[in-house]
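In what follows, chain A forms one complex with chain B and a second complex with chain C.
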Partner chain A sequence: MEFKRKPVTDIGIDETLNRVDEAKIKKAIDWVLNKETSARLKVFVETCMRCGMCTTSCHHYLGHNNDPTYAPAAKVKQTIWDILNKKGNVSKEDIKKYARITFTECNLCRRCVQFCPFGIDIAYLIALVRRMCCLIGVVPQYIYDQVLSHMQTTNMLWFRQDEWLDTIQWLEDELRAEIKNGKIPVGKKDAEVLYLAHGLEAKYMTGLITNMAKIMNVAKVDWTLPDTDGWDYTVKALYAQDFETMGKVIKTHYETAFRLNVKKIIIGECGHAFRTAVYEGVRYLGWQEPPIPYIHGVQLFYELLKEGKIKIAKKIEEPVTIQDPCNIIRYRGMGKMLRYIVAQLCENIVEMSPKDDHNYCCSAGGGMIDSGPPWKTARIEGGKVKAEQIRNTGAKIVIAPCHTCHKGIEDLNIYYKLNVHVKFLVDIIAEIMEIPEEMKP
Partner chain B sequence: MLNWDWDTKEKIICDINELKEKFPVVNEFVLSADREKISILVEIEYKKVTPCINGKLWENVFERVCYPQFSQNGNLICLVLQNYEWTLANNDSLIEETFDYAWNLKTDINGKSIAFNIKKGDSYGVCLDGNVWNNLFFDARDLFLSPDGKTAASYVKIKNPPLLDIFSSKEGIWTVGINGSTWDKSFISVYGLCFSPDSKKVTATVRLSQQEFTVAVDGILWNETFLNAWEPIFINDNDVAVAVKVENGWTLAINGKPLWKIFNQLWHQKVSPDGKIAAVVSTEFGKWTVAIDGKPWKKTFSQAVLPPFFSPDGKKVAALIRENNLWTVAIDGKPWDIGFDRIWSPQFSPDGSHCIAKAEKDGVYFIVLDGKIGKDVFDMLWEPQFSPDGNKIVIGCIKNGKYIRKVLTLSEVLR
Partner chain C sequence: MEQFFLDPSIYTLARGPLVWLAFLVFLIGMFYRVFTTLKMAKKEKVIYPYLNLKYTLRSIFRWLMPFGSISMRKHPWFTAVTFVFHICLIATPLFLTGHIELWHESWRISWWALPVSLADAMTVIVILCSILLIFRRLYQQDIKFLTSFSDYIVIILVALPFITGFLAHHELLLEYKIMLTIHMISGEIMLIAIPFTRLSHMFMFFLTRAHTGSEFGAVRHSRDY
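Up next is the complex of A and B:
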């Protein structure tokens, strides 16, 4: 089994390694092994029988022509097992290899866990090595830049406070063109719902906020956005395994909700943010579960459609297929809700095979797309299986209720010439729902 | 509060239904502290917005009105957009200076000073009482006003490396700006800014590296660093307390020295008038309570415990808690018997013998006194306030489309 890769330069990895010494590397590894791991690591390491059942579950293995070095167990062997075998005395070259494998060849999608006869959480083992890299400072540049922004601003893109507020105000002006006296409340105390947005929606994808506002207005939801930092639900620190920043961001989200006295937090269509807010983030802080309900866009749309608060004027007739974001489907079981929503919106659904909680990862999640242009080829190659799945459906539209899946599949669409449109639920619903006469401008 | 009208039982102050008939958009209801005034933003037509106070419109109209609030002296202040420029409006008068953007409007506890964040061109800072800081910065985030209202502070960005220059950002680009001056050092992150009670000192938590956090007081760092730290407070004019993470968990450190036993989590420390410190703690994973001087209440709660607060005499401690998907108040470790969909921060009577709060259940609002639900229900209700003698409360509420100020004796609340 030979580890052969094309050279890729990433200053977050390469230049950082030039600036650190091996003592720092050893200190970080020892810290994680002695202070942040428990029997769980020992059980996983000692239970693996090297049976290889996980091998073909991985889209990276399949996408790289069955190269055994991409098999989940092999990725574990080449990283955490190697570290344990060397008792933490690893070289900078070792760290470079570990960083490449853990950040850019595993999406933490946990598909392989479903095929392991012992249920070994391989994503946990991979994330553990990312945590070691993070403590050394070795993180892909594009991820690290976003994490540095989170550290002070809590948003992912260095957005200033006035830029957020100004954006929402002009989006409200735009909303008025479609909804009579439409409102996008900001910092409204005692609203029922606090809505948080994706950082990119505030800068590059503002139509998503306007469309959500359209739905909230028509459904008469008593909602607000924050008027302070904490409006961006993304937590890119999860990808870096920077627990310190992740905890601060998640704490800010819940405390913003407490300050505004809302009943629940709702986010749009994003996987990692939901996972961080209901699992990793709250647990790091000491909560067993979210202190107040934290609702994903899929859950919101399911409720609004089920309760008749929004009605669909005309269903989409073109064939559509459904992407199942790992963090809300495999991790949280929202597959049936998602299919209920899509059935309300579309006439002709052609499922991918496999689907639901056994669907393949988009190959962009877990920080891979956030690792930026240096690693795009790795991501596209890993997405070959997803591209084939989509092509086999013959669908013209891929519904992807996750920002990462959405962008990842858009890139696959171009590279593999799939000739599909990738859509969010919010865009489809805003386009085809009924607007009551009295709400028309 | 002493001059407030504690005699008139009921005043109908504003007919909100009438406003709703008159104007296409009516929103953002704000009350004065004495509950005598209600400000409502009304949209006369598209891009013509103005505050309406007790039914009377201001003469000025604006494209936008933000942060409407009554200062302690009863004036309505807000940030307004007029002719594409932002400025401050104070009782229908505008200050001369205008800004490309203005936000985070604050007043001091006496209502004398007014400050807000500003943007001019590409520069950021603060405007305090009409005076813009002499030095402006690449960014200014959040605004803090000293108790005496003479000093304003903000987190400021003093270096502006290009996007993706992670090594420059890791060296530290943020610090504290105080009346336009900055601390000497800059940090990866600075947060939890807090003034001393005498307004002379400023503290904040600073992040030095991935796992090195400490506290700065007037820009001078503690010698000790910690694995993580939350927001600090002054416990008197000189001493600072902060929750810090050490190897085996979280504790409370004062002036750099960890003092309390180790908890799974610790945050939101508060100090009583007689110097006791209370904080929210997690005694073990998923179990939350309040600790006073390091000693936790016996009773723990599974979902949430919000920041604790002391009775005026410092003898009792209360906190909002969430258990079994319902909110209630716990006083000295004992939760009220009844839970609510929502409950707002309660208030102790001046002698600490009573505790009153606004709560919501099944879509209606009511008063809760010492854990018992009041007889009235309201369409909308603001938090009740005790009279100085503790025998009465004043409330602002909306019933049948009218804003009403009511004064009730405690027995009338429950009867």
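Up next is the complex of A and C:
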């Protein structure tokens, strides 16, 4: 079986390769192999028995009609094994192939790790090759643009600080149409909670910030948004494995929290940001665990519902299914909390199979959706398993507490004609919660 | 050992000094590999701080128990074959009457032995499983794609002592003593090869599972099985 793919053009990969030479490629590979890797790479490569237990765990393998070149171990064979066999002397064509496999055929969801008898961290091996590509500068253009934005503005969409403040002001105006004297505090010192937003929420999906503000006001949470850069919790540098930028962004988040003297940071419904803030980012900065609690939207809603700070007026009756985002379920075990929340909100829950931490990835995560339009087909094909899973539940609403899952499943919905609505928890809660009489305008 | 000095021949060489050599290389090589791996792991700052005994043991227990993981339940046939293969592979040489007699002869120690007919059957099982594993590599597309020449060598390396042992025991093909010599040499080669080939998974298993088990259990609060 050969590695056969339809040609796809991506400036970030093709143009960069026109500029660099083999010497630079070798230098980047040697740097990663000698300076950044050690026992894990060696043991993982030497212990793999090529047993194939991981093969059917991968949605890309299943989505591409069982093409062996999409199996997890096969992706490792075609990338890092190949690099090691060639002792780092690889051609530009090789790099192009590695970039394609690692950025657009793997979501780093780590489901295959659960299927490996030796627990070989396949996502780590794939990420290593991404790191090499990143050091050469070979990264899909859409990811790289967002990383550059993070480098300069600490947010993903080239949003300026004054635009941020302006946005929050008019969002507060809008909020007051629903909540009497509703407030969105900005840069409030000694608040209990620092809330960070998703870059997209500030630019295109502002309703999500308004809805979160609604919940925060009703639950009477002492919260604030940052008044400076660093309000965007996303860290797209994770996808490119650009550790330096990732470290800078995460550091800004924690520094902002310390400057405002808050007790914890809360983010909305996002997978990769949470994962970066509690694992990759803090580990890169040298902390074992986050220096102050870093709370995900699911944990927040769980606490608010459990403590009765928000009450639900009327539950949703349509059949609902739950998407378990890898980065908060497989990476942080929030499955039970998520199910508790959904049970409070909905009457009729139909679970996907498999579910919870064995759930399949939405095929959009780990940078695949951020690779942009050139790679959309790869993502949609890989999402076939997820589409079937959703179709089999017969649900009308898919609750996806993650921006990436949300958008990914929306695309699957259109392509595979699933006829579902994809919803965030924050939207559902804001819609169906009780608003006390005195808060009604 | 003395036999070799009294009557030097390939047979006494394989029966005495080479056994010593094989066991020494196996043990020292194994310790060396584990030791260097543990030392190298220190350089990676994300391994030791997160190790957790409870989840290491959970992980190892789940993966040593037949059908203890979702992966094994999804591959029932392969799981059955590999478990039977590994159990026979380890138990047969350890509890074989002939082998225990040799230990007794040199060190005056002995332990419970498998009935001869059972040991014989287990040997055949190892050989059959090896054939199945080879066929799987040849005919299952995804594994065929992963397989390189060395993977066949490793299986043959493991199967050879069992094939020759079986032939010697039943005095087939070659004269008993010649076959026995080949049997001993092939066994010694296998032992020596363990630390230096992917057969080292027999002890690396515990290290990788410790890391992944701890990461999944203690840090990610999810299952690695």
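Throughout what follows, the second predicted complex is superposed on the first by the 441 of 441 C-alpha atoms of A that agree within 3 Å, B and C clash if a C-alpha of one lies under 4 Å from a C-alpha of the other, contacts with A are read in each partner's own complex, and residues count from 1 in each chain.
Methods note: a residue touches a chain if its C-beta (ideal position, glycine included) is under 8 Å from a C-beta of that chain, and two chains touch if they have at least 3 such contacts.
Given the structure is predicted, the values throughout are model-derived calculations rather than measurements.
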{"item": "First (chain B), second (chain C), both or neither touched by A:Gln288", "value": "both"}
{"item": "First (chain B), second (chain C), both or neither touched by A:Cys116", "value": "second"}
{"item": "Contacts of A:Arg40 with chain B and chain C, given as first, second, both or neither", "value": "second"}
{"item": "Which of chain B and chain C A:Ile369 touches, first, second, both or neither", "value": "neither"}
{"item": "Partner chain in contact with A:Tyr279 - chain B first, chain C second, else both or neither", "value": "second"}
{"item": "First, second, both or neither for A:Val129, with chain B first and chain C second", "value": "neither"}
{"item": "Partner chain(s) touched by A:Gln169 [first = chain B, second = chain C, both, neither]", "value": "first"}
{"item": "First (chain B), second (chain C), both or neither touched by A:Gly137", "value": "first"}
{"item": "Those residues of chain A which chain B touches in one complex and chain C touches in the other", "value": "283, 286, 288"}
{"item": "Complex contact set, residues of chain A against chain C", "value": "1, 37-40, 42-44, 46-57, 61, 66, 68-69, 71, 73-74, 77, 113-121, 279, 283, 286, 288, 329-335, 354, 357-358"}
{"item": "In the complex, chain B residues that touch chain A", "value": "24-25, 27-28, 43, 46, 64, 66, 101, 103-104, 117, 119, 124, 139, 141-142, 155, 163-164, 166-167, 169-170, 174, 188-191, 207, 210-211, 213, 227-228, 230, 247, 264-265, 267, 282, 285-286, 288, 302-304, 306, 322, 341-342, 344"}
{"item": "In the complex with chain A, residue positions of chain C that touch it", "value": "37-38, 40-41, 43-47, 49-50, 59, 63, 69-71, 74-75, 78, 82, 137, 140-148, 151, 198, 200-201, 204-205, 207-209, 211-213, 215-216, 219-225"}
{"item": "Touching residues (chain side chain A, partner chain B) in the complex", "value": "11-12, 15, 19, 35, 134-135, 137, 141-142, 144-145, 148, 151-153, 158, 160-162, 165-166, 169, 176, 181, 183, 185, 188, 190, 227-229, 242, 244, 247-248, 251, 258, 261, 263, 283, 285-289, 291-292"}
